[in-house]
Structures are given as structure tokens and as C-alpha cells.
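The first chain written gets the first letter, and so on, giving A, B, C and D; residue counts start at 1 in each chain.
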Amino acid sequence: MNNGFEPNIIGFLCNWCAYTGADLAGVARMKVPSSLRVIRVMCSGRIDPLFVIKAFLKGADGVMMMGCHPGDCHYQKGNFSARRRFMLLRTILDNLALEPERLGLWWVSASEGQRYSRVAEEFANKIKNLGPSPVRGEIFL
Amino acid sequence: MKGSILPFEKDLEKSILAFLKTGLDKECFEAVLIPHKIPSDDNYAYLLIKDKTLLQGASPLPPVIPVQGAKAVSALTRWGPSKKKILAVMHPCEIRATVELSKLRQASLDNLVFLSFDCPGVMPLSGYVKNPGEGDPAYQDARQKWESAKMRPVCQTCSEFGAPASDLHIGLLGAEEGNAFLFPASLEGKRIMDKLGLETSASSDGWEREVEKLKKAREEKRRGAHQSLQTRVEGPDKLLETFSSCINCHNCMRVCPVCYCRQCYFDSDAFKLPPENFLARAQKKGSLRLPADTLLFHLGRMSHMILSCVSCGTCEDACPMGIPVAQVFSLVAENAQRLFNYVPGRSKEEPLPAAVYREEELCEMEKPYLETYARTGERDASASENK
Amino acid sequence: MPQLLKISKSVDEGTKAFLEFLLKEKKVCGVITLRKIHGDQGIGYSLITRPDDLEEALPLFPLMPANGGKILSRLTLRGSPKEPVAAVMKPCEMRAFIELIKRKQGSLDNFVFISQTCPGVYPIEMSSGGDLETLASRYRENIQLGENIPETRSACRTCLHFTPPNADIIVSLIAEKDLDKSCSLFLNSKKGEALADGMAGERREQTLDSPELRLLHNKKKEERKKLFDEMGTEMRGIEGLIRLFGKCIGCHGCSYVCPLCYCDLCFFDSKPNESRPISYQGDLERKGATRIPSGTIFYHLGRLAHMSVSCIGCGMCTDVCPVDIPVSTIFSRVGESVQKIFDYRPGMDVEEVLPFAVYKEEEFQEIGEQ
Amino acid sequence: MSRDFTPKIIYFMCGWCGTGGSETASAYHLCYPENVLPFRVNCTGSLSSVHVLRAFIEGADGVIISGCHPGDCHYEDGNFRARRRVATVKSILDSLGLGEERIWFRYIAHGEGKRYVDTAAEFNDYIKKLGPNPLKERNDT
């Protein structure tokens, strides 16, 4: 199915919830795909759309954004902003037919190690099925 | 000067590419910076190429300069010299601008080798992208004849088409049918040629003669062009007429290889004025053009970079209004640079004129002090007259 | 229902007479309008304070040498004028200014706006070397027919907001039958009525809306759909993007003339965006070759992320592009869908908050929960 | 030229010498025309060419730049650099026929009050003879 393709996935994780959730998953020895590279941000609201665009243009096959559940943001409303930015990005990618399905947003709390492991695994499988990003080999960027 | 004959395999571009390929093979350099056609086939872009197979599609002699090569080198080395040895294939004016940028500390020449060629000029960009099918044969024609009204106006009068401060130079003028003349212009160039086993024994006399001849003709042409331009732009009235259609997009500044500032002074807070300022200026004259300070932008930009202006013509290419910016700058640059006997990009060692001075120069700048007007204890005559 | 003031002069002369009236009666201290710059050579905005200088004014000229919103922002960035100033702006310029005010780049105080039902403008390159008089007269003929004018900017031919929502005075142009003889000014606000107080002319109550305007709206809508569909087939995936934006020479002229790109120093011109040698080396190792300077696609995608939500579709960016990239079409197409998801109409109301300055807890609830 | 033309003259002077020259002049009660407006800069070497051009375009009929005598610069070489800069600006204006003769450069030492006043008066007369700067009335700059 995947003919040996190992994707490059970038995850932007909120320091307070998803990142701790990832920690928990690690401590509990849950399975997390090795293709996911995690970048810790202080809040999902800190994820500048440009970070995501840059990740894609540098050849990432998928990008995960993770933040606290609505209402649980450490900074009260960062994740609501993140949600709007996610919608913006998805609309732009969709409009340009740049495979918006390679971008995802999930709410993962600090105690949801299991959920973290599951969504990461699911997303990695989805990307594997999608195959490598067409941006990867482009030299005229 | 001695050099070697570079025989054509199929055509000139192919043989240059073959030369570059052997260079990569024999590790004379690790990557090549060279223009390459873009996928939409109507423009070129600089590529840094390591992979030999990708070199196949490169165009060492592109018909346009989309991005001034100096800007490409600056993007590459502004933050420090390249770790890999890079060979850059560029037009002479691009190499000269790169040298200027290195003096302005916006590019590093370390680990960089330049390959230049006798430049037949390039075509105006906006015309070319509209119809590349027409542009390509016109450019081939110009390469044969060394004279074409379809090239950029500043290219037609350029006399610096020969070897600039490069390391390797390909002479096309005076070469026999089916070959070109490759010679080392620096020790580094010689080293590369030695490593490639290219002899440097052929004489360059024929090339030098032709270059001299064309140079004379071009200088003559430039004098004529500048004279006729001067009649069109001299004086406030005609100058303002020339810049009357300027829409203040600052494209000329953005593409200028020498204008390296991230934020131009003319976009800075110094020009963000309270409304009273604009109103007062308008009231003084009856009306005020907006955006204001158009002439100040052009003259100010001139005063900032004119001594390093290589007259490449990129500014004119980028102007959406077709203002002959490059021609005006070329006229002013020639006079200003003559003042300091400075040719931008001529040598890597020559310092920028604004960075040095000689104590005994420019004595005529001071207005001689001859008359005395001062009187003590009473109001000055001319002052009271003004009352 | 707004009041209609009919002046029995041609529409250009009538508008000019009105501006002159404003200046002479000291109702405003200055007028910002298009004017001939240096005889017939160029057209540009000008701040006119002396009534005599209105002689050369061309308030309704079909050209946009710079987006007026940007000019007003330059003027009011450091405070608003002490006395009223009248600005003759096209609807998209007004909308741009309102977007800029939301970004705290200007102020509406002490401004009166005179706008028009806008039939569109010609691309700016048509003004250089072209004959301005013939350009204007050809335009006038087309307006009277109420048709979409060929040769105007594609952004204008597909513009759906050609009637200004919040101008104080609106000059009616579209489908006016006798532009040579009469000039119709709609006094659209209390401010506008106060301004016109004392101006000679016939007055009556009338709505701006007309079947002709609605017809034109539909025509433009059709053309918009066609243009966007065509663009949709071109902007497909990374290959499509490279085909569209690959020839970009990085002059960033589109951002410089964009009325919404107000930053002093654009992120894409700033230090953090400059690639370090190690970045180029990484790309070189991975792909065997890389574009220098890199970041062409990143610039355009990034600018889309920054301002597509406020894109008012004025078309300045396409006009200044030296390599003819249809920037404006791409931006307004993406902008339309982005604005739709946030239910945002840029430039309509100064009170409407920017989508990225607010959020609603109950929106997009399905996102993030799967 | 009409007699009642009062030129506007901008007098850029070095803070160490030219300004001193004006102080010396005032100590000796030496007068100079009041339409000569002095502007103090710390050193002529710090005077940007854009300021000179701005004065020139926005209403000055003439500009004088006065620095320390060669060799006397407080910063060693500011006046030499200024001289090169003035030469460049004058060359630009000359090439474009904008009247480079309206810009003067003269050295004035701290003690030379008389020279300071003479320069102002002489330049004032000179500009009066030349007439108004054609640029200052233009509304299309």
C-alpha cells in the first residue's frame, strides 16, 4: 500500500495540553508514528499561518495543529483564534487545490495521551495513503 | 592575454553546459548558479544546481534578466559566505553589481567563482514575457549582429559588455565560426582551467581587437543617446514631465541590485507626516501631488546609489509606467562617477567613493571667499531691504 | 430616500463646479481628486486647496494611478485634519480606506466622501503614451449604454460593489443618458446634504437603485463567475501555482500598491524571512537544485494568508505587475471564499470587526473534534 | 529679476564650527539677512543628501552647507566626506539641469564670524540675482 513511503509530518503542539498529552502518550508507551516531528508552541494561537505554509513548501507531507479543547485555553481564547486561522488556511489550500486534507486541527487535552496517539496514527496513515506531497521535489519555489 | 578555444559541440549554450558539467564532475566547483527557464516557459529564474541532470535545461545566455544576478548572490550569501564552492554564470553587469554589493557588505565573494561572457544585451522583460516566441529569435539575431534595437535601451549603449571582475570569461567577439574563446581572468580561473586540462595558449588578440572596436562604437552611441536624452529631461519642466506618470510603486527601487536596504528611507517614518504638513504644502502652492515627494524619491535614491549604479536597466524593466528610469540614471551616473574616476564593479579592491576621500581633491567645491559684506553695529543693508 | 441634486452641466463640469463651490464657500479646506499632472502627461491624485487649481482636475477620470485608500491613509496616519477635506474616491478606494481604518492606519474624522456609481477604470499602462481625451470620451459613450466596459481592468469588469455604500455624495454615472448635459448628485447622508446646501440646482427625492444598475450587476456577476472558473482551472495544485507565479521577479510591487498591505516593513522583506546559507544547502542536498532567491510561492501564499480576508478587489496589483501575473484575479477569487466562511464583507462598515480580531465560540464546532 | 523677491535660504552648518561662527558673529553684532535660515547639524558629514534635496525641492531657493576647514573636523574626516557627498548631489542636479549653482559649500571656522555673515549675505545676493528656484512653485513634484 505504501511502498515504503515514510511521510514527513510536522506537528505544532500547544505547550499546555497537546504537548503534555504527547508526553503522557510517551510515558505510557503508547504507539506514536515516527514520521511525526513535533514543534512545541506556547499556544495553538501562536501558530502563524506562515508556519504552516512554510512547512508545506519545505516539503512536509502533512501538518498537524493541536490545541486545547474549546474553553480550556490557558490564554482563554488562543484556540478560538487558531480555529479561525485553520479555517483560513484550509480555504486557501482548498481554493488553490493544494490538497487541504494534508492539514488538520485537533483538540487534545493534557490527559488525552490515548487520543493523541490515535489521531497521530490515523493522520499518518492517511498521509501514507495520500503519498508524498507534490511540493517535495519542486525546485521553482 | 592567453586563453583556450572552446569548440562548440552543437551550439554555444550546449558547450558552456558541457564545460560546467565537466567542472562539476572534476569537482572544480560544487554547485552552479545559472538562469533556467521556468515551467511556464515565458521567463527565467536563477537556480542553484548541484545535480548534473538538472543542468541540462539551464540557459547560460538568457534573453532577459528577470532578477538581477547580484540580488540572487546577495540572497545566497548575505548571511555569510557559501560553504560550497559555487560557480555563477552571469552577465557582466550582474557581476559588477555583485562586486558593488560585496563592498556594501551585502554579499560575500568567498567561495564564489564567476563565469562571464561577452554580453549582447538583453531584452526588456515585460515585452519578452508577453511573447517569448517572438523574443527568442530576436535575441539570437542580436547575438549574431551585436546590434539590435530590440535590446534594452541601456544595453544598446553599454560599453562594459566585456570581461568584468570575473574569474573565467568566454569571448564571443572575433571568435571563429563554431567556437568561442575561453580565458582565465583570475588565478582561480586559471586553476580551474588547469584542473580541467584546458590549455591556455591561444592568443586573445583577435578578441581584444574586436572588443576595443565595439567598445568605441558603443561609447560613441552612448554619447549620442545621452545628448538626446539630456534635451528631453534637462530642467525642472522636462524632468517633471518625464516623471509625471510615476505612480510611486517603488518597483525601480525594489529590483535595483544596489538598493539593498530592507526598508527604504523613503518608506520610513520620515515620510509619514501629519495632515497639517500636507495641507500647508498644498496651500503654499495651490495644490499638492499625492502621493507626495515623487521627485524627492527619485533624486534621493539617485543620491544614495548613483555612484554604484551599473546601468543594468532592471529598474526600467520593472516600471509599470514605462518611464525611462534606467536611461536617466545612466546619464546621471556617468557624470557622477567620472567625478571620482570610479567605475562600479571594475575591481573588487577599489573602495566605494563615499567610503573614502582624499584631502587634496575637489577643491573647486568650496565657493571662493572673496567679498566682504559684514558691518558692525547696524542692520545689514540687504536685510533691511527685505523688510 | 436620498435627495438628488441635478446640476445642468456636463457630469465632469458639474462635479468640478460642485468641488469649486465647496472650496469657495470654505465648506472644505481641501479637495483630494485626480488631476492632470504636468499637462496631459500623467494622471495622479492631488490635494487641491486653491479653487483655480481645480481647472486641471479630472474627478471622474477612469484611471486609478494609486488606490486612493492608501493615499488617504498616508494623509491621516498621524492624525486627522483640523478642517474638513473632501475626497473624490471610487467605491473600492473607499472600501480600502475603511479596511485601513479598522487596522488603525487612518481616520475618517473630518472627511467627506464624494464617490460615484463606478463603471470601472482602465489599466494604468493605458495612460502612458495613450491619448487621455479619447480614452475618456470612449468611456463616456460606453457608460451611457449601461454595459460592462471592454478594456477596463478585469477586476472592474467583475466588481460587484460598484455602488458606494457609505459615501456622503454619489455622482451617478452608470446608465445616465445625458451625461453631457446634466450631472446628478445623490446626497447620501446628512453630511452630504449639509455640504450641498446652497449649491444651485434642481432637487428631488429619488433612490439610487435602478433596473439598469441591477442589470449591470447581473452582467458583472456572470463575467465574474466565468473569470473565476477559468482561473480555477489554472490554479490547480503546486504545479498550477508555479505556472502562475513562477515568473514573478520578486519586486513586491503588488504588496507595495496594495491598499491593505500597510506594514512599514513587509515580513517578506524582513530579516527573519531571509534564508540562511544552511537553508539553501539543505534544499540543494534534498532536491539537487533550488531557486535563488527562493520564496516566490511562499511570498504569494503568505500574502494571501495575510490579506485575502480583506481583499477588496481593486486590481492595483495586476496593474503594476511587470510580468503580467493576474494577481488580482487570484486574490479576489481566494478572498471571496475566505470572506464567505467568516461572513465578512470588507470595507462595508467601519464598525464591522476584522475576522481575525474576534471569534465566536459556537462557530466551526466540528473542527478539531474528530 | 524683481527687486521684491526675497529668497528663502537654508544654511546647514556644522555644530562645531559653523554654529560657532554664527555665535562669534552675534558677539560682534554682525548682521546677516533674516531670510537665511540656519540649521545646525552635528557635523556636515552627518548631513544626508536627502535633506539637502528635500530643502531644495520643498521651497528653498538656495542651500549653503558650511563645515570646518579641511583638517579641522571634530570627527577627523566628516567634512571630507561631506564634500564628496555635496559633489555627488551637485553632479546629479547638474546632469538634470536643476541648478546645482544654488548649492554652495564653504568652510567656516569657529572664530570666523565675519566670514559666516559674508557668506550669508553674498549667497543671498547671488540667489536674488538668479531668481526664485523654479522647483519650489511646482505642484507636480
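We adopt the following convention: a residue touches a chain if its C-beta (ideal position, glycine included) is under 8 Å from a C-beta of that chain, and two chains touch if they have at least 3 such contacts.
Keep in mind it's a predicted model, so treat the numbers as computed, not measured.
Following the contact convention of this document, B, C is the list of chains adjacent to both subunit A and subunit D.
Using the mean of the Cα atoms as each chain's centre, the chain most removed from subunit A is D. Chain pair with the most C-beta contact pairs: B-C. Between subunit B and subunit C the centroid-to-centroid distance comes to 35 Å (mean Cα coordinates, whole Å). Annotation: 45 Å between the Cα-based centres of subunit A and subunit B. Within subunit B, the positions touching two or more other chains are listed as 38-39, 45, 47, 54, 240, 244, 286-289. Within subunit A, the positions touching two or more other chains are listed as 139-140.
In subunit C, the positions touching at least two other chains are 37-38, 44, 46, 53, 239, 242, 246, 287-291, 294, 296. You'll find the chains touch as A-B, A-C, B-C, B-D, C-D.
Against subunit A, the residues of subunit C that register as touching in their complex are 235-242, 246, 267, 286-291, 294-298, 301-302, 304-306, 308-309, 333-334, 337-338, 341-342, 355-356, 359-361, 363-365, 367-370. Interface of subunit D with subunit B (complex): residues 6, 25, 28-35, 49-50, 53-54, 57-59, 70-71, 77, 80-81, 83-98, 104-107, 113-115, 117-119, 121-122, 124-125, 134-135, 137-141.
Within the complex formed with subunit B, the subunit A residues making contact are 139-140. Considering their complex, residues 230, 233-240, 244, 265, 281, 284-289, 292-296, 299-300, 302-304, 306-307, 328, 331-332, 335-336, 339-340, 353-354, 357-359, 361-362, 365-367, 369, 371-380, 382-383, 386 of subunit B touch subunit D.
Listing the residues of subunit D that touch subunit C in their complex gives 139-140.
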